[in-house]
Amino acid sequence: MTNYNLDALNDMSTQDFTAAIGDVFEKSPWIVESVAGQRPFKSLAALYDTLAAAVSAAPDQLSLDLIRAHPDLAGKAARSGTLTPDSTAEQISAGLHRLSETEYASFHRFNESYKAKFGFPFIVCVRRHTKGSILRAFETRLDHDADTERKTAIEEILRIAALRLDQRVSAPDKLPLNGQLSTHVLDTVSGKPAQGVTITLLELSAEGDHRTVATVVTNADGRTDAPLIADRPIPFGQYELRFEIGAYFARTGAAKAEPAFLDVVPIRFGVADPEGHYHVPLLASPWSYTTYRGS
Amino acid sequence: MTNYNLDALNDMSTQDFTAAIGDVFEKSPWIVESVAGQRPFKSLAALYDTLAAAVSAAPDQLSLDLIRAHPDLAGKAARSGTLTPDSTAEQISAGLHRLSETEYASFHRFNESYKAKFGFPFIVCVRRHTKGSILRAFETRLDHDADTERKTAIEEILRIAALRLDQRVSAPDKLPLNGQLSTHVLDTVSGKPAQGVTITLLELSAEGDHRTVATVVTNADGRTDAPLIADRPIPFGQYELRFEIGAYFARTGAAKAEPAFLDVVPIRFGVADPEGHYHVPLLASPWSYTTYRGS
Amino acid sequence: MTNYNLDALNDMSTQDFTAAIGDVFEKSPWIVESVAGQRPFKSLAALYDTLAAAVSAAPDQLSLDLIRAHPDLAGKAARSGTLTPDSTAEQISAGLHRLSETEYASFHRFNESYKAKFGFPFIVCVRRHTKGSILRAFETRLDHDADTERKTAIEEILRIAALRLDQRVSAPDKLPLNGQLSTHVLDTVSGKPAQGVTITLLELSAEGDHRTVATVVTNADGRTDAPLIADRPIPFGQYELRFEIGAYFARTGAAKAEPAFLDVVPIRFGVADPEGHYHVPLLASPWSYTTYRGS
Amino acid sequence: MTNYNLDALNDMSTQDFTAAIGDVFEKSPWIVESVAGQRPFKSLAALYDTLAAAVSAAPDQLSLDLIRAHPDLAGKAARSGTLTPDSTAEQISAGLHRLSETEYASFHRFNESYKAKFGFPFIVCVRRHTKGSILRAFETRLDHDADTERKTAIEEILRIAALRLDQRVSAPDKLPLNGQLSTHVLDTVSGKPAQGVTITLLELSAEGDHRTVATVVTNADGRTDAPLIADRPIPFGQYELRFEIGAYFARTGAAKAEPAFLDVVPIRFGVADPEGHYHVPLLASPWSYTTYRGS
């Protein structure tokens, strides 16, 4: 997708402006078009806030049309390849393109129940989710009443739009959309940062599967050169950091047992705040360790 | 197998004494017979020490015969069911009765290489081992010279005999054969022992498999009513304790995130001292924990 | 004071029984005398419970007489040496025999205010207190109403009686009167108990003074041969444990800096439950440590 | 003292240049004068390196003259107020202006012994020291041979000069002279930085005295707005951080005991590397805490 500079967007004709970013709302370019007259926007935040206000001010029927413009999650459109490019990328981010037949059936059943009860499709900002957390959200939200779900659908649509805007528009400011996951390793035998520790980040599924997200090595400051996750939300879910401190202490000469008492240290944790900062350090000797959620 | 009281063993005829416990040395009852005249033994330790002295004093050829009386590990005798009852139980303890074809082939290859180099079978006290640690011992010991391996074989035979004696003879004293694995859980939010925490102990293999050894629940003192392992060596290997503290903190009301930051806390550790005491506690809040090898 | 065996007390005449332990209630032997007919008591707990029941059943005037039989804390009787032997020992335990003139004046003022408001002396079981906690109790209790304070006075009298009984009578059972303070030290560099660590326990005052309660050295298990406090309540107050781990790590060779990063580690804590078990361990490397209230 | 810009120094006459910063070497302006011809210096580091090279290249007699140009520590010149302004400020920084008579006598005795043995005064860069660490250095260095001490004296003179240069000259670069002491506080009950915790930093003396260096309060990130020490060396010595977490947990509602188990948490540590970064955090619940030297 083309990336646009905010200044350029401010200078375009209404028609070009709508063509450029109209699709941040699924098949509903009228929202972008309706704010074209309020240009120039001096920041991405100002553009987003104006779009959100337009959505909130929309009459009931238009609002419902906007909701209904969204496809089913992992539904027929996804299978037949007729999703919008944005929806395709989003559903891939949560792994919805590689469901088992059983999982596909679950999604189908939930989609149908939801539409039967509320009269519109289940909408969730999938970039903030894993497969497992979407299924849990289905269960929870099916119990709600229609007003709550219309409100929730609009909130999720605004989250989707914000993430699409963030990818599509270059501007001096950033929307507060991104989480961060970082770590550091301290060697409590030497009182120094532990350098050269290999760390693997895994995403875990409820079924016991895991998927490697990143493998990094600590630098002289016991940190990683870049955060393990940044510039995107951290999807709701379960994660595991694996610290190879056995190999580290074998190198420093501090490990005295064979096999070592501590070899690969797994730290398993859940993410409940996709936009949060999760700093998950390890303070370790060959015989003990401490971890915590830091900031 | 029949269990004998030490006093009864002291009062038997030499013939009955030999029949009773002669098989603590594999197919070599002459060792037990040779110490019958030194009865009465006032403790199990005295009986064991006298047997060990008899083995050490044996002339070279008898010592070699003793070594050669042992079967291959996971060898033909095991497959065809012609092992002695003791050997059968021991090989089962390390899981040698359920090898894959590939593993069986590895054991076969190692056995043959070892016998070809040293002229006697590879002997190891399998109750102190896991499948993985036996394979590592094979590799290490194949590099040794013959004198070292004859010495090692006798040491392992004495370990085997000691464990068999311990199971076969009731006496007021115990041989120092047993390791211990214990844990406790402290809730650092309330400053109290964490009661009702489910803990699972797994044995891990190098291939990533795991086998559940025990599942326990902490009592009012944050401990388990009995150690997770006691009354036997803790086999060399990799283990994992899984503490279900997410469920615990959900009950106490201390967990505030959904999903919880900490749910199941895995502590993975290696055992290098099968007769050692491993106390592996967890000091936890919903957001942090510390573990260590205690005593 | 003479110590009596419970069996002997059960066999005495009523007169001897009353003479023996009548003074567990200050200048009020009638309470002990009133339960003599209910002998034999099969346990110390049974004797105590019967005495407590007699106190509770006493008519209002007798109950008030019992309260009024008690001396002022740090009052004239204490200064002139005319306290009962029990009261003398008790007031010494909390350091009330070495007050400064200012402190003496505070106690005097509080005693007078209390008696003026309630018509009876301020009673507290001083063995559960430090000077500071008594002064805080004075302030708190002066705000109560008369009913609350009569109830509190009787509760404190029963605590005093229980501690006196415990010292005076030998029996198979113990009353649940005693707190316990213990510690252990773990060396996280070696994964072993830290042996030979000198530990000092201090009682701190609000004014910044401190008084050494005990100095001990850890044994091979990283523990002290006996708890730092046992067989008595731990008085409400502030304490500090000082662990000389700098000297320990200098001996093990683990300390690499001069001066060491950690030399004497002070752990300062408050006691709010005199009958509680306080286990306050130290898990330490030369560069880090963890402490917690364990059990 | 006047502060000079590096550019200005580069443009001055030799005479002005020497007048401006000649006194960075005690009563020895010839060193600065000797490098004037090598201007312009493009950085403070280049100026310092050139000065250091000039000192190293000086013939033996000049080098000895330089050493002898220094006053006694806490000696007669200090008492009579005839020190150079730099020396006065430096000796004040280590508290040498408020010695007791006993301490003054110790310094006097050490100064005399040192001069008697080596023929020149004891020189130490006092800004990197406390009173106690100077006395320890006296003892250690008195045992050295003359060559070692001449070498040490020159090293210390270069350290003194570097710190004087750093204060006197403004330049784009900084000399690596400064240590840093920082902290942060994490609340392990909430998994969040602890805001509003008052922290006091004390410098401790061997005699048990202490001097308050700084009192700060943690911000929303659990850190202090500025490091506790920065822009200067951290003198060799013993320090204590006092964290008022009892008051913090009373505000959050997490403390449940009265008095609290943890009120003021003291962390006592030694500094062996005045130019090092000492990050000393506290991870705390109302019942437990962990500290470590971080980076």
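We just call them A, B, C and D in the order they show up, numbering each chain from 1.
Going forward, a contact is a pair of C-beta atoms (placed from the backbone, for glycine too) under 8 Å apart; a residue touches a chain by one contact, two chains touch by 3 or more.
What you see is a predicted model; the values in this text were computed from it and never measured.
Listing every chain that touches chain B and chain C alike gives A, D. Of all chains in the assembly, those touching chain A and also chain B are C, D.
Distances between chain centres, each the mean of the C-alpha atoms, put B farthest from chain D. If you average the Cα atoms of chain A and of chain D, the two centres end up 48 Å apart. Remark: chain A and chain C have CA centroids separated by 57 Å (rounded to whole angstrom).
Contact of a single residue of chain A with at least two other chains is seen at positions 186, 188, 191, 257, 261, 283, 287-288, 290, 292-293. On chain D, the positions that touch chain B within their shared complex are 186, 188-191, 254, 256-257, 261, 283, 285-288, 290. Per the touch definition, chain B reaches chain A in the complex via residues 236-238, 246, 257-266, 268-273, 287-293. The residues of chain C lying in touch with chain B in their complex are 186, 188, 191-193, 221-222, 283, 290, 292-295.
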